[in-house]
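Labels run A, B, C and D following the written order; every chain starts at residue 1.
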């Protein structure tokens, strides 16, 4: 495209004209000012990182860029030309493609139909689809990604990571000049992340402009050409990676300094064993899993996506039935349902907050109480006033950004939704907390808060089992970790040998 | 997708999905073939075909509507209105094609009305089409004060018993209706839209699809099919009748559910609907041949639905 | 001042108040249109007719809030009424009759709960199948006969008065209170809302959703059983089709009352207002001598309008 | 052994048809024939009855005794029956077309005319009446309302203050009447197109402590009880049991080559508190009268 712009070489005062720019964007939702006078430029061949706390307005800004939301005020330029953007069709016309934070796949259509959704090659009759061309074309994009997914598989049969790949192929297929990626790696494990980065770099050299939202500091500095920070819907500043540091970015995001080392005092003598799995297999696929968690320790569960970590959590919580083996809880055998697990003091913060964690149409208050109704209102009488009080104190404790406890949970940003799910279990006063990807899609500030919180839990003598796809978290936070591969536990690592290489070796190469 | 084009796709659909209905249909046929005299006679098979054709023509678009996470409760009442329209036109001396055109127009208009309620006014389909049900039924009754209209052209009833290509005409119409619907659902953008509207409406919007337009098209298509069903219905009774078809939408719904189409997330199977319709037809026919007590016939329809869905649910659960 | 406007806005925004306003508007129109509307007799009349509908619809409200639906309420009511009529005829015992009515209703509701919660059949289909099973049993039990002529002591429940107010009206207000308290002021009510809003999240919050589902269907069945007794006492006769006409009006009342078909949203007081609106419309049409042919049409239009108004106002709110 | 006869009735919910079926069973037992009943699962469903006839032509009973759920819409189905060569007797509701061995039934028009006339006479030829219609568009309702209207012409001082449909149902009639009572302070007479609606109306009157003369049609058990109790004025006797008896007998006699008249129409008779005794027996205790005691040779 622009011959004088090489990837990575862009600076704001370059003579180049941005491919697209947004100027003075304003956007309000009822009760929330989501964006205030935000401007952003995207140059050909650059990866423009957008950072900000949960609810800062990043996704909203990107949705405006791709025509999904209409802005209340502001201007939109393509190659310096002022244009109007009245819907997704317009955005497509300008070559803007998006990989959304929430998947936009249709479960019962197959991979090819999803990739080319709305742009199917036409056949002879009006409206007819040329199936041959459809599959050929879809396959081309899958190949480009180096993915071995079959284009004819219905999408609902794919694993999360595979679905993410389809999502990426879908964006690729639009031959976009501008690509927006909203937390594309939050559901991917390191291997797939590597694959994605290769694609991004290839696109970069082809001159595609990219806006990339992420909460993972490492990849921000690895990929980004520029970093723009948004706080509370306001533009804070744009930095070149070479001229800044993670600490500075975090300070810009949060408005104060945050300790990101997650440094904590590791547990020296854990208490009695809370949960123990002995050779457990479940109907959902885990095989012969043995592990235990003691009071006062944070135990990590690591592995590639699809290795079966979620299934272990679900088996413990009774969400999936056990087909063999034994689970011992506080010394006694137990096999149960989620209700029994909860009553015994087990908490599960599930990996998908929207479908498994929250009732999006209900209020923050109601969600926060949903796991502890029996405990809080033991007589059976429900007191709305008491519920509101409890919700308020949890909102304060977790610093949930919500105007009131009565706000619908679905209207909160992803990170704040996650805090609501955690709040729900804090109130249930459990002994064992299972966190499944607790920091997925959560900003650094909140991440630090959540780890402080988890640390506080073990200090009180609770036990924590934490699943995370981010190795750094496992390594920095956990007292001990198990590594899973192909639905089995392939190794246990304690503090002394809990290192990146040792985990990866087990997760990828074991057996 | 592309199922019938591909042997693997075909087998996947036939064996993996909803085996409940296959089992039930096979069992029913087996039992009746052994116990009911004349069940396998050509005449009886023709009977089953003819009796099932109208229901199939309603159940096919119902499948599409359910795939969009919708529902159409007005089909039975609209069929009555169409039937009255056709009979009235014919009784006034207009030629049969005109009468058919009138019927199709009424059905289409009713379908579009549903579509507008659901898409533009965003009334939940259950409620919107319930309203249409009342209005259509009211109009049909008001037309002749509830009387049926019998003095219609002979060509209309003759069509019901006519044979084309060795097939009873209503069966042929149903087969064509299936072919068309299959093509629309699995081979066109319209079909992709249907799956997307139920599966992930947001995704369809973001892909630049028109939600309103597609919904209206789906309900409009259903309206057209109701027009056809109304014609066959009139032909079957040699008369226009305002209320005889009430409740047929529930039979159609049952057939769709029997066929393994789920009421959520755009998960469905068009050929399953054919099997569902046949299962209902075979059951009623066989019980009649056996001279089964009527109250037990009533129970058996319910049990059929419950058992088939239980088998599928059981499979899903395990 | 600001506080006052906020309170006023809050009241105006409350959905129930809005619907009550609709009721008042309807009443005002009727008062102007006919001198007989605003008489004590007629008001009691409307309330009594509302009561029956409300009793059925209130139980159904629970089911809908919990994310289910029950198409078998009418058939359940019919079976309960028929069996208790037979019991009354055979034994003459009031206690046994009441027990029979409630027990049958509750049992059927429980069975629905099992089908949905344990056998995992989608509620729409499960209760549709149940509908036919119940009808068949009812027809069998009644064998085409009718049972009529009940003692005054039993009829008190349906047509008796206390302080000049019909007994069913007391029952209605009793269950309006009980239902309202159950939903908004008990943990079980909260759990039903949670379950309806997102069953998976509710399950993973440790809410025993199977037993809550069974609870909602069972309560709905019990209410249908109670309504059956009231109806029986009121019409003084039982035939096989006694409950047939109840299902759709009951569902309609619930939906007009603002309960969502998708679960998680709704109130019993809304359902009361919904039942009131439906009854007023019919009552008004009778008083105005609107030709009965037009009644389905008007009822259909009202359903659409009620939901439309509701949707528009609730949209303004958010 | 014996002839196989298929009997078609309209629904399993109306007691009237149960009495008809009991009559048919009784006659068949007396004459040594076997009966299979065909009743639509959905009351009065036209498509279901059409299907049942189509299926019966496969099963081929020796004869059919047939009550059409709709007097017009069943015509093609009857043609199927005729084409299959299965002799059919038309019972209760007259089918508009088709070849039948005989028609057995009552004349709705005459019955309504006589009953309405009786009501108007008891009202002293003046006052307000309310008419409760049955299901719109059914022959029964139409004919009965025609009879009512014609009787009205003979009484110029009788005023119809409302005509409402209550679909032959008790609850519907009860609620309609409750509403009408409010609108009309004076109602001297109520004409209901069947007994179920009449008893429904009576409930409404009693609840409102109002008095009216109420008549219905059919002469069902329920009406007889009400007449006995003095709550109801009269009911037109529809002779349900006899329909069943003679419909069945006609079919069997035809098969056996015995003479059967083309028409057996029972005379219109009003049942009131002077003559209800003959109907005051449980239907399953009744027995069919002998053929000759009712059908005089040569009558048509």
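Definition applied: contacts are C-beta pairs under 8 Å (C-beta built on N, C-alpha and C of every residue); 3 or more make two chains touch, one makes a residue touch a chain.
It should be emphasised that the depicted structure is a prediction, and the values quoted were computed from it without experimental measurement.
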Worksheet, complete the sentence: Farthest CA centroid from chain A: chain D
Item to complete: Report, in whole Å, the distance between the mean C-alpha point of chain C and the mean C-alpha point of chain D.
Response: 34
Worksheet item: How many angstrom lie between the CA centroids of chain A and chain D, rounded to a whole number?
Response: 72
Practice prompt. Report, in whole Å, the distance between the mean C-alpha point of chain A and the mean C-alpha point of chain B.
Written response: 43
Worksheet item: Among the residues of chain D, which are close enough to touch at least two other chains?
Response: 12, 41, 136
Response to the item:
The positions of chain C in contact with two or more other chains are 132, 135-136, 139, 293
Practice prompt. Chain touch graph shape: choose line, ring, star, complete or other and state it.
Written response: other
Worksheet, complete the sentence: Chain pairs satisfying touch are A-B, A-C, B-C, B-D, C-D
Worksheet, complete the sentence: Listed in rising order, the residues of chain D that touch chain C in the complex are 11-15, 17-18, 21, 41, 43, 133, 136, 162, 164-165, 169-172, 174-176, 178-183, 196, 199-200, 203, 206-208, 220-222, 225, 283
Worksheet, complete the sentence: Per the touch rule, the chain C residues reaching chain D in their complex are 34, 36-37, 39, 41-42, 45, 48-49, 132, 135-136, 139, 142-146, 148-149, 159, 231, 234-237, 239-242, 244-245, 282-283, 286-287, 289, 292-293
Response to the item:
In the complex, the residues of chain A that touch chain C are 30, 317, 319, 337-339, 341-343, 348, 350, 355-362, 366, 369-371, 373-374, 377, 380-384, 424, 428
Worksheet item: Which residues, counting only chain C, touch chain B once they are in their complex?
Response: 115, 119-122, 124-126, 128-137, 139-140, 248, 251-252, 255, 260-262, 293-304, 307-308, 311
Worksheet item: For chain B, which residues count as touching chain C in their complex?
Response: 117, 121-124, 126-128, 130-139, 141-142, 145-146, 250, 253-254, 257, 262-263, 293-306, 309-310, 313-314, 316-317
